[in-house]
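Comments concern the structure below.
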Amino acid sequence: MTQINRNAVAIHAPIISNKRVGQYNQLIIDIGDLSRLCKPGNFVAIKLGGQSSNMILRRAFAISRTSSSATFGGTMELIVAPYGQGSTWLCAQSEGVVLDLILPLGTAFGIPTEPVKVLLVGGGYGSAPLFGLAEVLYARGCRVDMLLGASTGAKIYAPMEGKRSVNSLRIHTEDGSMGQMGRVTDPIGALINDLDIGVIYSCGPMAMLAAIDAITKDSNVLHQCAVEEAMACGVGICMTCVVPVTDGTGAVSMLRSCIDGPVMDGARVAWDKVGKTL
Amino acid sequence: MTQINRNAVAIHAPIISNKRVGQYNQLIIDIGDLSRLCKPGNFVAIKLGGQSSNMILRRAFAISRTSSSATFGGTMELIVAPYGQGSTWLCAQSEGVVLDLILPLGTAFGIPTEPVKVLLVGGGYGSAPLFGLAEVLYARGCRVDMLLGASTGAKIYAPMEGKRSVNSLRIHTEDGSMGQMGRVTDPIGALINDLDIGVIYSCGPMAMLAAIDAITKDSNVLHQCAVEEAMACGVGICMTCVVPVTDGTGAVSMLRSCIDGPVMDGARVAWDKVGKTL
Amino acid sequence: MTSVDFSTTLGNAWFASPVFTASGCASSGRELAQFFPLRDIGGVVTKSVMSRPRTGRPTPRMAETPSGMLNSIGLQGPGIDAFIAKDIPYLIEEKARIIVSIAGETIEEYSTVARKLRSVAGISAIEVNISCPNVENRGLVFACDPDASRRVIDGVKRTVGGELPIIAKLSPDVTDLVSIARGVVDAGADALALINTVLGMAINLETMRPYLAGKTGGLSGPAIKPIAIRAVYQVHEALPKIPILGMGGIATAKDALEMIVAGASGVSIGTASFSNPTALITIATELKELLATKGFASLRDAIGFAHRSGQVD
Amino acid sequence: MTSVDFSTTLGNAWFASPVFTASGCASSGRELAQFFPLRDIGGVVTKSVMSRPRTGRPTPRMAETPSGMLNSIGLQGPGIDAFIAKDIPYLIEEKARIIVSIAGETIEEYSTVARKLRSVAGISAIEVNISCPNVENRGLVFACDPDASRRVIDGVKRTVGGELPIIAKLSPDVTDLVSIARGVVDAGADALALINTVLGMAINLETMRPYLAGKTGGLSGPAIKPIAIRAVYQVHEALPKIPILGMGGIATAKDALEMIVAGASGVSIGTASFSNPTALITIATELKELLATKGFASLRDAIGFAHRSGQVD
């Protein structure tokens, strides 16, 4: 039986910086030595709204990158879309505000032991964890190609410094305001052949992940995806975040995406049963 | 029929300073020209806990004093006891934080047209509005004596500058840690005679007000008291804040302390019926 | 300015706006009139009035709870005669649309109060608050007793006749809300008001006793919004033709729209006015914009839309 | 360290601490064990287990609401056999005290599950979650039907015999909670668990449909605390000798004390663990101190104290 990430702890940690980047906020948080235990794919659960908050649940955010610096023991970066009550509150917090966090949580992207050619596909803020992942893969000698999509250009998150670890970066927007017009999944089939891709890593809306699976299903390409289901606890005790997953025998069971995920083997997710009665 | 204070408006106003004074916080808020419409006895209703607050009701605070300065158009002072969730939040807010206020609310202390000898009696944070009142009475030529009480010395609010408008100040604490040991109401009977008091102004717990009424009932001394009942709205629409009041004929009705008060004629309050079924 | 048709109907009464006060949360209307003209809202639902003056419950009458509050006012009020003499003329003068809420301790009392209203001009509807203890039946709340609810509404309907729409206001504290709703509709209710407060209690740890002098009280505010939405959804599903005045925790235009797409033809704003006296105006303005943003040409199109909108399955 | 006697009893079962998990809010216990030793709390109330494995409801299964949340898990679980084979031994190894929550779709299923538990060592009590739809009676929730509730408890009692205490867990969504409570006690319940979640709904304005795939869901968290306190107070007043495991929105030691003085012999912490996995430990530690501050020598003295403490009137 899967267990909660064994490094998970609850801490209070200060915001070091909070900058607007396109339609997102980039938050840097001082988490000290914990940064070494955070792997690409892991997430953090944050309490929002302060002491008297009417939001009783934490929100999950992908840990976009970690780094250690001389000034701060270690930091993590989050990319937050100000959307509803919680994320808007978070984006409004300034430097110095101390956040209540539980981290690192969830599974991490599997890193191949040998250099392979990989394609990283991100939708919206889903690109956030891909840059940290790219660094790790690039350091392993993998060729890293990246494909980012969003409804519009302002929702593309692709920081300058992130591109260092990426061999190529392609952008697709539905309104054509940046890069190619169209869906991020449109070019994947061709890219797999052209670039001889061995593994696809993906993060974004469930529909995007399912579309990628449809493409990789009958190929030899592995698909590691970070799923996103509404999570009440993030630590495996509430059963709200489940995703239908097939085992070897074809039986489908509901696994918790907070501890058996968010990173899952795309081929094992029963995409046609997501949001359906089994 | 009584109406809500006709000057009442909803505004956003910044905190100019917030200082700890004994067990209280003294807040100065920039309310501009509205300060001229606030009279001793009036209160302000404040939203607490920020945008995502789980506290859905405002809290009432007596306007302790107002003043106008060159730097700020006009300011008001509040004396807040950090007690529960709301007042603790308020006391933790720093300079620059913008508060959501409705003010001025409620009735004001009646000011005699001719100079009379007055005794001001305050319990706990109830002394707050008495200093502003003292200034007005003193300016009218009244002799102003003041009597403050609390359970312990740290809960006595008696600022230095406030004493300028007061001819004498006596302090009583239940634990004897400041001034005389005992209840603030103990010396009133004697003081009325010794100082030839014409009007008592009081603000504090209901039990204190009732005790003062018991002393003044069969005398010629007028008793203007600021009552304090739990208020849900502060503007007269919820009927939670009622106090039993007798009319000329002896009939008792439940009047709203937020619009028919907080300042009421002590002799008309049916003290024995407070908190009882009529 | 959006061009959304914002009007609604409750029974045969037409209102220019679907945003109303909630009974007991606007006093006589005079106090709110200091913050906005009463004719700018859908209508004023007055506090429940009984046959005689009442002093109500002792204090404390309120306690705040997480995202909610408890109240135990005990229907303090001037009685129907003084109400008709003083409050109605004021509201008419202010050009407010009026829904009079009535209450009683016996089935007879409801009819008595209704009878006095029958001939009063300027009233748009009668809301019958049946969440009152029935003194003739061990204090059992009318709205919790299918038979008693029906009989109250039947009595009022017979008294008032067919002209003034009758809105039956139900309590959520029942096992089977739909069957109570069906009962009062069969007895003649033209519309339903959902929901009254939820029975609750808070303990004061200073005194170690219930906070409220009346011990239990009615829970209102955002805390009960999910209960209210569920109630409106369920009842609209069972009785799609009966207009519902939805309420319970509405504090924003989004809350109001949730209630409307769940099945409400109009909304009442109660507790939200306590912290924001102009809440009705803000909600109405933003609701109109929100309807336009969501592509609704009229409020009517949005009523019960959650029951019709494309199911993904 | 305070010297308050913190122990409590539910039926004939003794527990060193009155702070328990709530069914369905601690999974199998393994996840919380990463944050504190399970033997440090009063006991683990396991998620309701049925006779066969269940995959539960589709997602979304949750929606946050003001100071609360809705859930619709649909009793996902491994079934009683796998539960006995894997979960019980783990909890025993961790030296946790165990209260097994059981559920069923028919009266017979409850007895079947209870029969399998009868001979399992290491269990302190059985909590019977009767807030499930009765497939034999139009899906009407057992806990909303006085007769069905009684029959479930009667069946479980006959199966289990007199040794293991039986705790009947009731739903607040009923007109007359006290009569349901009386019924299950007459049928053999040794204790009561109050309250299960309150039926609610939220609408997603992006999709214009109910947020939850299951449409309605159970409301939990601080929003329902006043409803829970009222339920415990009313039932304790009517049945002062029956121990109550109180729950619903408890997030702090003060909340727990409110529940205890209202009449609870122990408290379950559900939703609060979701945002604070060490909530049980914090609440227990602070509750012990709070009891001492308030002058209670033992938890027992505080149970139902709000019913006894000096009335001012």
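Per-chain residue numbering starts at 1, and chain names A, B, C and D are given in the order in which the chains are listed.
In the analysis below, contacts are C-beta pairs under 8 Å (C-beta built on N, C-alpha and C of every residue); 3 or more make two chains touch, one makes a residue touch a chain.
If you're wondering where the values come from, they're calculated on a predicted model, not measured in any experiment.
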item	value
Set of chains whose contacts include both subunit C and subunit B	A, D
Between A-C and A-D, the pair joined by more C-beta contacts	A-D
Chain centre separation (subunit C, subunit D; CA means) in Å	34
For subunit A paired with subunit B, centre-to-centre distance based on mean C-alpha positions, whole Å	55
Whole-Å gap separating subunit A and subunit D, where each centre is the average of the chain's CA atoms	36
Centroid spacing, where centroids are CA-atom means, of subunit A and subunit C in whole angstrom	46
Shared-contact residues (touching 2 or more other chains) in subunit C	66-68, 221-222, 312
Per-residue multi-chain contacts in subunit A, two or more chains	54-55, 275-276
Chain-level touch network, classified as line, ring, star, complete or other	complete
Footprint of subunit B on subunit C - complex, ascending	24-28, 30-32, 34-35, 47, 55-64, 66-69, 71, 73, 76, 86, 213, 221-222, 251, 271-278
Residues of subunit B that touch subunit A when the two form their complex	48-55, 85-86, 89
Complex interface listing, subunit B residues touching subunit D	54, 275-276
In the complex, subunit D residues that touch subunit B	66-67, 222, 312-313
Footprint of subunit C on subunit B - complex, ascending	1, 3-4, 6, 8, 10, 47, 54-58, 102, 229-233, 235-244, 252-254, 259, 274-278
